[in-house]
Amino acid sequence: MIAAYLVLLIPFIGIVFFAFAGHKQDTGRLNVRFNAITLAATVWLAVNVLNNGTILSSDKAFIIDSFNVYLIVLTAFIGLTTAIFSAPYMEHEKELGKLTERRLKLYYSMYQGFMLAMYLVLTTNNMGVMWVAMEGATLATVLLVSLYRTPESIEAAWKYFILCGVGIAQALFGTILLYYAAVQIGDGDNALLWSVLFENARKLNPEILQIAFVFMLIGYGTKIGLVPLHNWLPDAHSEGPTPMSAVLSGLLLNDALYAVVRSKMLVDGATQGNTAGLLMMGFGMLSFLVAALFLHRQKDIKRLFSYSSIEHMGIMTFAFGMGGPLATFAALLHMTVHSLTKSAIFVSVGHAAQLAGTQNMERIRGLIKTQPQIGWGLLIGTVAIAGFPPFGVFTSEFLVLLATMHSYPWLAPLLLLGIGIAFAGLFRHIQPMVYGEQPEGQLPIKANLWPVMIHLALVLWLGLAIPDFLANWFSQATLLISGSMPL
Amino acid sequence: MNWLLAVIQTMLFVALAPLLSGWLKWCKCHLQNRKAPSLLQPYRNLLKLTRKQPVVAEHASWIFTKSPYIVFSAMVLAASVVPLIAVDLPSAASADVIVLVGFFAFARFFLALAGLDIGTAFGGMGSSREMTISSLAEPAMLMAVFTLTMTASTTNLSLAIEHVLHEGLVLRPSFVFAMFALILVAIAETGRIPVDNPATHLELTMIHEAMILEYSGRHLALIEWASQLKLMLYGVLIANIFLPWGIAQGFSAQALSYGLLTIIGKLGVLAILLAISETLVAKMRLFRVQEYLSFAYLLGLLGMLSHIILEASR
Amino acid sequence: MNIEQQDFYTQAILSMAALVGLTSFLMLGQGRLLRLIFVFALQGLLLTMTTALAAYSLDSPHLFISALLTLVLKVIFIPWMLRRQVLLMNMHRDIEALKNNTAVMLGGASLMVFSYYVLHPIVQTSSAIMLNALAVSLSVVLLGMLLMISHRQAVAHVVGFMSIENGLFFAAIVATKGMPMVVELGVAFDVLVAAVLFGIFFFHIRTSIDSLDVDRMNRLNEVDQ
Amino acid sequence: MVLILAYAAVLFSFASGILALLTNQRPRLETLGQKYLARFPKHQRCRNMLNDGFQESRYPILLRQSTFVLLGLSGLLALSAGLGVLIGQQVLTDQIPLGLPWLPWHVRFDGLSGFFFLIIGIAVIAISLYGPGYVQAYQEEKHPFAVLGLFTGLFVAGMLLVLLADDAFFFMIAWELMSVASYFLVAFQHENSANRRAAFLYLLMAEVGALAIILSFGVLASFSDGLTFDALRHANLSSTWASIAFVLALLGFGMKAGIVPIHVWLPEAHPVAPSHISALMSGVMLKVAVYGLIRFCFDLLGDVHWQWGVVLLGLGTLSALGGILYAMMQPNLKRLLAYSSVENIGIIFMVLGLAMIFMANGFPQLAALGLLAALFHAFNHALFKNLLFLGAGILQHQTHSLDIDSMGGLIKRMPQTSFLFLIGCMSISSLPLFNGFVSEWLAFQTALQVNVLDNGVLRSLIPVAAAALALTAALAAACFVKVFGLIFLGLPRSRNSEKAQEVEDKGMLLALKLLAGLCFFFGIFPSLIINLLNNVAKQLLGLSLPNDTALSWMWLAPVSAQKASYSPLLVLISVLIATGISFWFLRRNPETKTMRRSEAWDCGFGGLNARMQYSSSAFTMPFRRIFAKVWLIDEQITKDMQGAQDLDVAAIHYHLQVQDHSWPRLYQPIANAINQLARQVGRIQTGNIRVYLGYSFVTLILLLWVVSL
């Protein structure tokens, strides 16, 4: 259990430290160290869970089960690799004069703040606290989105702030309704504890829970970026600093989805129907298709990939909504591989943008000629995210497809259509950037592509074979969520 | 013994080919009341050509000099599988009618290459047109042949002919169509009027002759002989497939001689008919040939359909 | 059952609910920023009183704390900050011409009915009072959104945002006698931070487009020019 | 044992890919080697070897050669594995502990896979001989060998894995590995935009096709338990669903095989890849697609419908005719060859269709015959198409061009290449004595067995298809007469072809010799292959050709000696005799024996020069006239006038562009539709935050209403 507290404590120290220590040359490296320690703590936590199953803290404030434990580790891991990438990146930005010492100070301390919020969302057992943490994540990142202080970045941050604020407020109303329903059946203090609720979900009033779920879905869905609540997402991704985009895509969206799934589990327990699932499927499919179409008309490279994030979150939401062991397993896997791949892509995108000095895709050319690692990194990453084997994304999408064929055959063609359109949308933009002759005077930059390689290697590994402990967790989580094991 | 017979039949075939074209020319001249050369004139020409030293363009490659041999032997092979005076000779089994078509293609392929070898415009024109016409003629021919082979349910020529013989005189609409199709194809393939004019010297109207303009001496002799063989092959095909009566089924000397006489008779008649048609019909423009050949194909198709619908319907 | 059979506390709560709803309507129709802020402060005050009342009559002391928080945040701090911004920008004179105001008002009214309709299942679990209270708070939330949709001033957006918070808070108080303490504190903290951030943003927005009209922030879009 | 060979083949190809990655690692390796050898002071010889191995100059060559050696070994292993399983007539299964927790990779190695292993093996051996000489033309900084080698290895490995796969998941992974690797190879020379476009198109089509295949597997899977092929085999689905699955599979595999009208990527992608890769793609990858279709229809779906057969027959005919007609119009050699691949795939599909029809009508023996013909043609096509593509590579190597109209007269400058190329041309235009003819002959034989069928429609339809096949063959002959005649005969049309020399690298010629030799050998002794194929049919359909039609080593009598027979050997012998006699007879006279060389007669016009020759477009003009409807022809003649009132012509410019119908008819509309849709969707993101809030508001109201219904 200490591990869990450590996981929360270290980032907190980080916030305070960076806030007061001020920015030095090696702050970036310090940030890496903090994340590394956290990662170690999470691994320790994971080992505990691996050995003796679900951990419920004595005061029931925290719960670590097979559903969130690997998400925690994933969060820590991506936090670390992104930090590794961001240290030289932010320095380079500073040299370009885009950023000042003070802003970097803010950046690092808020980076830790964001991580803290993420860990809190994942570890807490209390739906209310989960909400608080989620809002906290917004507050922590909103200033980072506007870090460059350009009109666009400010506009993006404002939209992010308002839309997510309003959305999250609706989630709070949902939480209150949930609480209300819980109070009807039990004591007020533990009434928001997820574990308690999950145990006696059957007793909860289904109608109220349905309404509550609508609010939560819309609230957290705004953060997932479900169409039509997604409008903040591309703006925030494209205008903020690239490391931020990496963690937003890789972590925040996942955790929002995590919150939705947690509440769905309660609702499914209460209403023995599948209303929640159908709602999620609808949203998922809509987001998936619309985002796929949006891919075709992008000019900004980071916008492009943020839309692809929406698309993939759509797939996951769809899969979770479809329920059933196969789909759920696929969705869990997809969560993992998507965050790994997407953050890797954003890292290489960041380098590419620095290389070309612009985010405008018409002006990024000949990356492979200029700096092969970056070009290949971007290309391979895109191949992976487009769902080509042997990368893991293919595995999950394949499973989703099969599950769809099983339960909703007439949706499968739609899904395939979306995948095809999305693929075309990505590649028609990526190809001209990586291939071809480079423009005059485009020179290689100092880049650290280890994160990309590691992530892609992991995704490849997951595509070829899923290690037993992970498979075990997935199956456990599947059992927890869908009520039965995958095949 | 049988193999010997087969070889003899083939030699006979080769030997008689010039005679047939001589006879054809003779009839034509008389129909056009010109003074006819002697029937042996083709032999004399061949002999003369073989005696001459061939003149070859300086940048001709081995394709040009070797093609005549290839073309000639392909035709000889074709001759070896077509029953002339007797059926079920062993040589017939070594290649069926599809392979026969293959032989023609083989010869054509090299002739066309030879036409392109020198790099003259005439040669190119000749091979281009030859390939065009033949590629249109081949399906028509196969259509006609398939009618036969499906009736006899074999593609082995001599077996098929035997089958027709055994059935005796049956009136098959399919055969009528097929025969006409085959005749049309034969005229196109052997470069006779109205498709091509063997006697022409207006270069732009010729097809077959254009390819062999550069040949001389023994090469020319071989090619001439090969084309005479081709003419005779088609004649024999038409004669023996559709009116096989008289062909020898046993190997007794009397049956064989009888077979020889009948085939000579049939060919003679066919030649007369051809001469008449060549006298009456004028050569057509190159780009009307496809209509002509598609008509042939149509006939072949009709033959096939009438076979399936009228004769073999179940 | 009817109101006269209810105990005094309930009656008080219901009347409070009515007042809160009214304030929301007032805000919705309000074109002048200063008045808007004033009404918002009023709403905060009503909330505070409600909370205090609840805390007193249900003797759950931790509600006093949240009452205090509400007072400080929503009655004093935020209105003061907003007012300062308005004066800084000297926007206190110009009136925002609301398009088809009456339609918006009618829409608000129908929203109230809608919230009753939606929350109806609650009757099964408890009294109609709860239904009323929750319905009012839901409609406050919805009205808050409507306010944001209909107004173009960033300040108005903040007010709308905060009034949504108010609605939630009200729901929490009347329906569930307040959330667990940790949640209460967390929410309050978030609101505080949000308020501060809003302050910062006003500054940035003003420096970038020297106005607080959100309609002028539409650089980032996907429409073909 | 055999399975181990197969695995080894895969591993070796992987290894060659990995080895290629070391191209730029010379310094690191060197230091590593030094450090290692430093431990053993006495191994002076090794150190010397190492040193001269790591010389700046030698290292890249050494690496290249060893890469291709590994590739060649994998080819050899594949060949032997294929032969082993074919002769042993066994079915080997295995599981690899990869993939999903509940679904490891299933492996199955049977006759069918074995036969395609054979094809791949031969092709890979050929290119591994050919490669080293060919790739040294690329300079390293522009076209890194690491990329080429890596993806070549992965490509081969992918193809082999597809053949081994025994469950849908593994199959798709291998399939996509093959597609993606080949995509990178197509994009290898990415500096000119045409290649990039081609690569994109290729990957897009590959993706769409793969999705279709996944869907077809999904249909089967949803009627069975599990994804292993065994489970799918036992899926009992209604004939409607079966037909749906078939159509999807046909779409998927057909897209890869490049049947008209979904062939568009093929003539774009194949020509732009390096020649040995084009050879692999055109000669082998398409066959893998054919394998997929056979596996899916005959093995997984099991009971086929005759309607499917008709569909295949129709599409096949369309592809065969369309392919060869389009091919004929191409002035670019590699494009032409790519289109002719479309034609040959069409032929294969036709025969497969026949097999299906016979199968469905209860004549498994004839079905076996059809299958046999199809597989044999696949084999032959692999041989001569590889031969031709590699030859094209040599031509490009020596004349720096692929434009037929800029070549000519090469037969004297490149005697060996020209001879080998001629053999390729003869077998592809299915002339007797060569392998192409045998498979076509078998196809005809299959078609002519039609009167066993009861269905009158089929009985009249199939002969027509057969006639179309004949037309195809004739057109192919015309097409390749043009190819050989214009490239090698006549006078050189450009300075490059005047200066062209025979390629000096022995390996490249050796590869061509190997393939040409096989073309001829199997043209004379087809029964060797056919006996192997019999085993495949036995395993797949449970039936093979009857024994009474003993396929002895010199006779070919597929149905029965009574119905048809063909003995290539006898034909060859008699050809030799006839030629020999006439040769001897005509050249016995000493003074006429020698030929006199003089300038061409040319009807006495004289002054012959290269520009008077027939060009590619001239040669095909009659076909353009006759089949005008098949293409989109854009033909323009412009005259430059000069002199007084510009009355006399100075120069005439002739411009001809021949285009494929399917592009503007099929693909353009789809692309436009998607862009239009995207534009419409873009409208929703106005950039105004109040609108966004409105969305959220409306959604909330809507959902609340929905759930409270």
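The chains carry the letters A, B, C and D, assigned in the order they are written, with residues numbered from 1 in each.
To be clear about the criterion, contacts are C-beta pairs under 8 Å (C-beta built on N, C-alpha and C of every residue); 3 or more make two chains touch, one makes a residue touch a chain.
The shown structure was predicted, so the numbers you read here are calculated from the model rather than taken from an experiment.
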If one overlooks chain D, the chains that stay joined by touching are A, C | B
Chains in contact with chain A and also with chain B, listed by label, are D
Contact-pair count is greater, between A-D and A-C, for A-D
From the centre of chain D, which chain's CA centre is farthest?
C
Central chain (distance from its CA mean to the mean of all protein CA atoms):
D
Roughly how many whole angstrom separate the Cα centroids of chain A and chain C?
31
Averaging over Cα atoms per chain, report the distance between chain A and chain D in Å.
43
Here the gap between chain B and chain D, centre to centre from mean Cα coordinates and rounded to Å, is 37
Between chain C and chain D, what distance separates the C-alpha centroids? Give it in angstrom.
70
Specify, in ascending order, the residues of chain C that touch 2 or more different other chains.
118, 121, 145, 148, 157, 214, 217-220, 222
Residue numbers in chain D touching 2 or more other chains?
679, 682, 684-685, 689, 693, 696, 700, 704, 708
Chain pairs in mutual contact under the definition given at the outset
A-C, A-D, B-D, C-D
Over in the complex, which chain A residues touch chain D? Could you list them?
158-159, 162-163, 166-167, 170, 207, 210-211, 213-215, 217-218, 222, 228-229, 231-232, 275, 279, 290, 293-294, 296-297, 368, 372, 383, 386, 388-390, 394-395, 398-399, 401-402, 404-406, 409, 412-413, 416, 419-421, 423-425, 427-428, 431-432, 435-437, 463-466, 468, 471, 474-475, 486-487
Under the stated contact criterion, what part of chain C meets chain D in this complex?
114, 117-118, 120-121, 142, 145-146, 148-150, 152, 157, 214-215, 217-224
Spell out the part of chain D that touches chain C in their complex, as residue ranges.
679, 682-690, 693-694, 696-697, 700-701, 704-705, 708
Residue ranges of chain C in contact with chain A within the complex
118-119, 121-122, 124-126, 130, 134, 138, 141, 145, 148, 154, 157, 161, 164-165, 167-168, 171-172, 175-177, 179-180, 182-183, 186-187, 189-190, 193-194, 197, 200-201, 204-205, 208-209, 214, 217-220, 222
Residue numbers of chain A touching chain C in their complex, please.
126, 128-129, 131-132, 135-136, 139, 142-143, 146, 149-152, 154-159, 161-162, 165-166, 169-170, 172-173, 176, 179-181, 183-184, 188-189, 191-192, 205, 207-208, 211, 234-235, 238-239, 294, 297
